[in-house]
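Two complexes are shown next, each including subunit A; its partner changes from subunit B in the first to subunit C in the second.
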Partner chain A sequence: MISMYLDFVRIRFLMMLAYRVNYYSGIVIYAINIGAYYFLWKAIFGEAETLQGFTVIQMSTYVAVSWMARAFYFNNLDREISNEIVDGSVAIQIIRPYSYLFVKMMQGFGEGLFRLLLFMVPGMIVVSFIFPIELPKDPMQWIVFFVMIWFSFLINSQLNILTGLGAFFFENNQGLMTMKRIMVDLLSGVVVPIAFFPGWAISVLNWLPFQAITYLPGSVFTGRIEGADVWNALLVQVAWTVVLIIPIMLVWRAARRRLFVQGG
Partner chain B sequence: MLAIDVHDLRKQFKVQKNREGLKGALKDLFKREHTEVAAVKDISFQIPQGEICGYIGENGAGKSTTIKMLTGILVPTSGKLVVNGFVPYKDREKFVQGIGVVFGQRSQLWWDIGVIESFQLLRKVYRVGEADFRARLDELVETLQLQDLLNRPVRKLSLGQRMRCELVAALLHNPSILFLDEPTIGLDIVVKTEIREFLKRLNKEQGTTILLTTHDLQDIEALCSRVIMLDDGRIIYDGGLEELKSRWGKGREVQFQFTDPVSLAAVSAYTGDMAVRWSLENDVTAKVWIPREMNVSDVLSRVVGQKEISDIKIFETNTDEIVREIYQSGSAEAPRDLSALSDDNASEKEPAKAGAGER
Partner chain C sequence: MSRFAFMVSLYRDYFANYMKTKLSYRADFLVEVLSDLMFNGLNLVFIFIVFMHTPSLGNWSEAEVVFVYGYFMIASGLFSTFFSAWNFSERYIVKGEMDRVLTRPAHSLSQVMLENMDPPSIVGAIVGLVIMITSWSTLGLPFHWYDPLVLIVMVLGSCFIYMGIYTAMSAISFYSDAPTGIGPLIYNIQNYGRYPVEIYNKTIKFLLTWLLPFAFVGVYPASFFLGRLDEWWMPWLTPVVGIVVLSLGLGFWNYGVKRYRGAGS
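Take a look at the complex of A and B:
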């Protein structure tokens, strides 16, 4: 049972490896993004020592680490699921004795693992030479960070699954997916750390799952969240992971009832 | 024991209505109108274990929808459904362990990995033991001659090669029921024959129940002892193929080619008061329709010797034609006055090669 799910991780990993051009272009895109945000923030800081409690070094570390975390948690499960529903190949998945959504999750994990080992690690090394960033020295901070991006992956994948399943209900799911993607990038703190949002927006965002994807692990990693607050941040992530299971179950159940396989 | 037991099975789909024009499009933006379309209308049938049953019907008759309900992909709107002792959509994970499915138009192999890796993955998915898997795979590979294909990625296989691999993929876990949705679509005659032979053997040796939908009636003739015919979501015929043929068979036709021109009156005179019907193809070719209960030789003996004949062809109604006519009339219950029908069509008919039939 478990060996089967692990096989899905392995095969996705191998498949990612097979498409090497995607891999190289991915590294370039991430490097450009990190560079662009680094120079943008440098310009915004100007002469200032700190902005919203961020020092320049903390900021560049935050930018680097949030993009690196994104490499791990990001996947295209929404598009994959949506496509499989639209072209009807989800039918094949349903006649197999496994949980479709769990298999998808595992495939996403294979993809994340690939990016973690082949993007994030080499990328982080390169970035630490070019930009002045400060990596934590406490090994505990590293461990917590890896646990937290695992939950980032879970939460982001759950949102992806939820969005992808939208294809059961909408003839064209493209709009929903684009909206989700922009919301995750904007509201999770990849583009702008949540501390920079106006007060009312922060209190709204505190009640949304997005901050748990990038902002919380990024803040822990850069040392902005310390001590007991770290456990709070982790708790928020765990809570969202559990809470998000409910709408997925509901949507999946409703979807099974109205599943309409194309071409039948 | 029944392999498949279906009572009053019904499936309705909600279909969105798109209103016309800009105004309609704006209205659609806020409130959608739906219409209910029934794809399968309260059908009932039972299939005992070990039977090969053909499920035929025109495009859109509801065949695939039925198969999808039987395999647990679709949840029926109403009705009772037991397959292999399970209600497919309820105990899905347990149920699918016991069935194999091949969709002719949809691959179940992983596109990017080698065939053998797909099989290995399926072994794990279906939790087949290593030894069982080996034995089963060797046997299947042997009978379907896949030795050379095993290490190729699926995307590099031809359709015929892929189809044989699909069959193996569907059978690795030794299912007791096999569903085939248009398994021979787009295949050449050699592969088609191979697959038919294989399915026959599978049914005989392992007792696998097979339900297949197809548009190729030769599949049905080669494999099925029973056919279920569907039209517009309803079963219009359920029974043996032979029975269907004899009920709908409409006698035979004999075409004579004379060396000299003939007239209708002249040829009709040869058979005198026999209940046959003559028609002229052109001035040297005449056709005679002979009802089923009459002997062809009786008619032949009357004609031969009357005039010089250069060629004789005998046509038997084949299944293709029977089914085409049933589709057109929409009912298998009451055959129409077929002699009249054959008269109407007479001028369009052309002898097909190898006596395959009319048109």
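Take a look at the complex of A and C:
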């Protein structure tokens, strides 16, 4: 049973490997993005030593690591699911003896694993040569960070699945997907760390799942969250992963009742 | 002149056709406009948040940076209204639609543009204009009678730059059919022209000014209206650079069309 799902990871990994040329330019794109934000933040800091508790070095490390973590957790599951619902191929997948959503998750993981090994690791090496960043010295920090981006992947994929399933209910799911993408980019802390938001926004964002995707692992990596707080951050991620299962189950149940495939 | 009239009539017909197909899916139109505005909103929120923590960005005030962003929205909105052939390689080269385009009398590039026009983007340009006017009055900038005329010339120049660069990029697929991933790369670099170029290091500044002149779709032309004329001729280079880049892009396209052999099969 498990080995079947692992095969989905393997197949997607190999599929991505076939198109790896795209990923070399991807590394350049991420390096350019990190570079642009690096200079922007340097200008924002100006003469200031620290802003919201970030030093310049911490900030550039945060920018670099949050973009690289994005490379791992990012996937297009929302678009894939949405397309399969629109073209009707979801019907075939549902009658197969596996859990459709779990298979999607595994495919996303295969993609993420590919990006981790061929994109994130070489990208991080390239970036650490170009920009002044400070990598954590404590091996424990590295381990916790990798556990945390695994949960980032889970939470982000769950949000993607939820958005993708929207295609069952809306004729045009594009708007929902765009909205989700912008919310994840803005509210997860890739573009601006949560600490920079105004106070009222921070208290709202603490109750949303987005910060668990980028901000928490990024903060652990830069050493802004230390000691017992690290476990709290991890706990928040676990809690969101569990909580998000509920809406997915509800939507999935409602969706299967609605499913109506034309032709075939 | 008759060729120009021919193009205008073609544009009118394609536009009528576009409206007919779109009006049957009215919600799509709205969704496209909203997604577009949300992307711009994201960037504006970034600017607002940043200025909560700093009074200036490399000597540029918040209102000035927002002003530049408004200008950027006008130029990029107007450009995408007429040109959004982002999937050119896949649709025209891989699927072979280019062969159909080439059998028709109008110029191949203008046909591709017409088939891919995206009128919802114009809303972004209008919002950009509103943002620009608002920050104009926040900054208390003087208004001269010639400013609207200059704005038209500058925006045209900026659009020419976009058109030249993206035409050349699309034309790459005439020379090589392998996906290069260069499209997203250029698209990312495009976004850096809307911040003051002084904040970048020399290499990126040089890149944005002379190699991929995206700084002319943002900071340089906008600084004319802001009266920030450290080098007074810099904004005026916008139309010049626009014409040069557009000619290069068109030349690259035309040469590519000559080389084009079809996808086979």
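Methods note: the second predicted complex is superposed on the first by the 260 of 264 C-alpha atoms of A that agree within 3 Å, B and C clash if a C-alpha of one lies under 4 Å from a C-alpha of the other, contacts with A are read in each partner's own complex, and residues count from 1 in each chain.
The definition used in the following text is that contacts are C-beta pairs under 8 Å (C-beta built on N, C-alpha and C of every residue); 3 or more make two chains touch, one makes a residue touch a chain.
In this text, all values refer to a predicted model and were calculated from it rather than measured experimentally.
Once the two complexes are overlaid on the shared chain, A:228 sits clear of subunit B and of subunit C alike. In the superposition on chain A, A:171 makes contact with both subunit B and subunit C. Of the two partner chains, subunit B is the only one that A:258 touches; subunit C does not reach it. With both structures placed on the common chain, the touch criterion links A:18 to subunit B but leaves subunit C unconnected. In the superposed model, A:91 makes contact with subunit B only, not with subunit C.
In the superposed pair of complexes, A:191 makes contact with subunit C only, with no contact to subunit B. Of the two partners subunit B and subunit C, it is C that touches the larger number of subunit A residues.
Where the contact sets of subunit A with subunit B and with subunit C meet, they give residues 171. Within the complex formed with subunit A, the residues of subunit C that make contact are 25, 27-28, 31-32, 34-35, 38-39, 41-42, 45-46, 49-50, 52-54, 56-58, 178-182, 184-185, 188-189, 191-192, 195-196, 199-201, 204. On subunit A, the positions that touch subunit C within their shared complex are 19, 21-22, 24-26, 28-29, 32-33, 35-36, 39-40, 42-46, 48, 51-52, 171-172, 174-175, 178-179, 182, 185-186, 191-192, 196-198. Contact residues of subunit A toward subunit B in the complex are 1, 3-4, 7-8, 11, 14-15, 18, 88-89, 91-92, 94-99, 171, 256-261, 263-264. Listed in rising order, the residues of subunit B touching subunit A in the complex are 13-14, 16, 39, 64-65, 68, 71-75, 89, 92-94, 96-97, 99, 101, 103, 105-108, 110, 112-113, 117, 120-121, 124-127.
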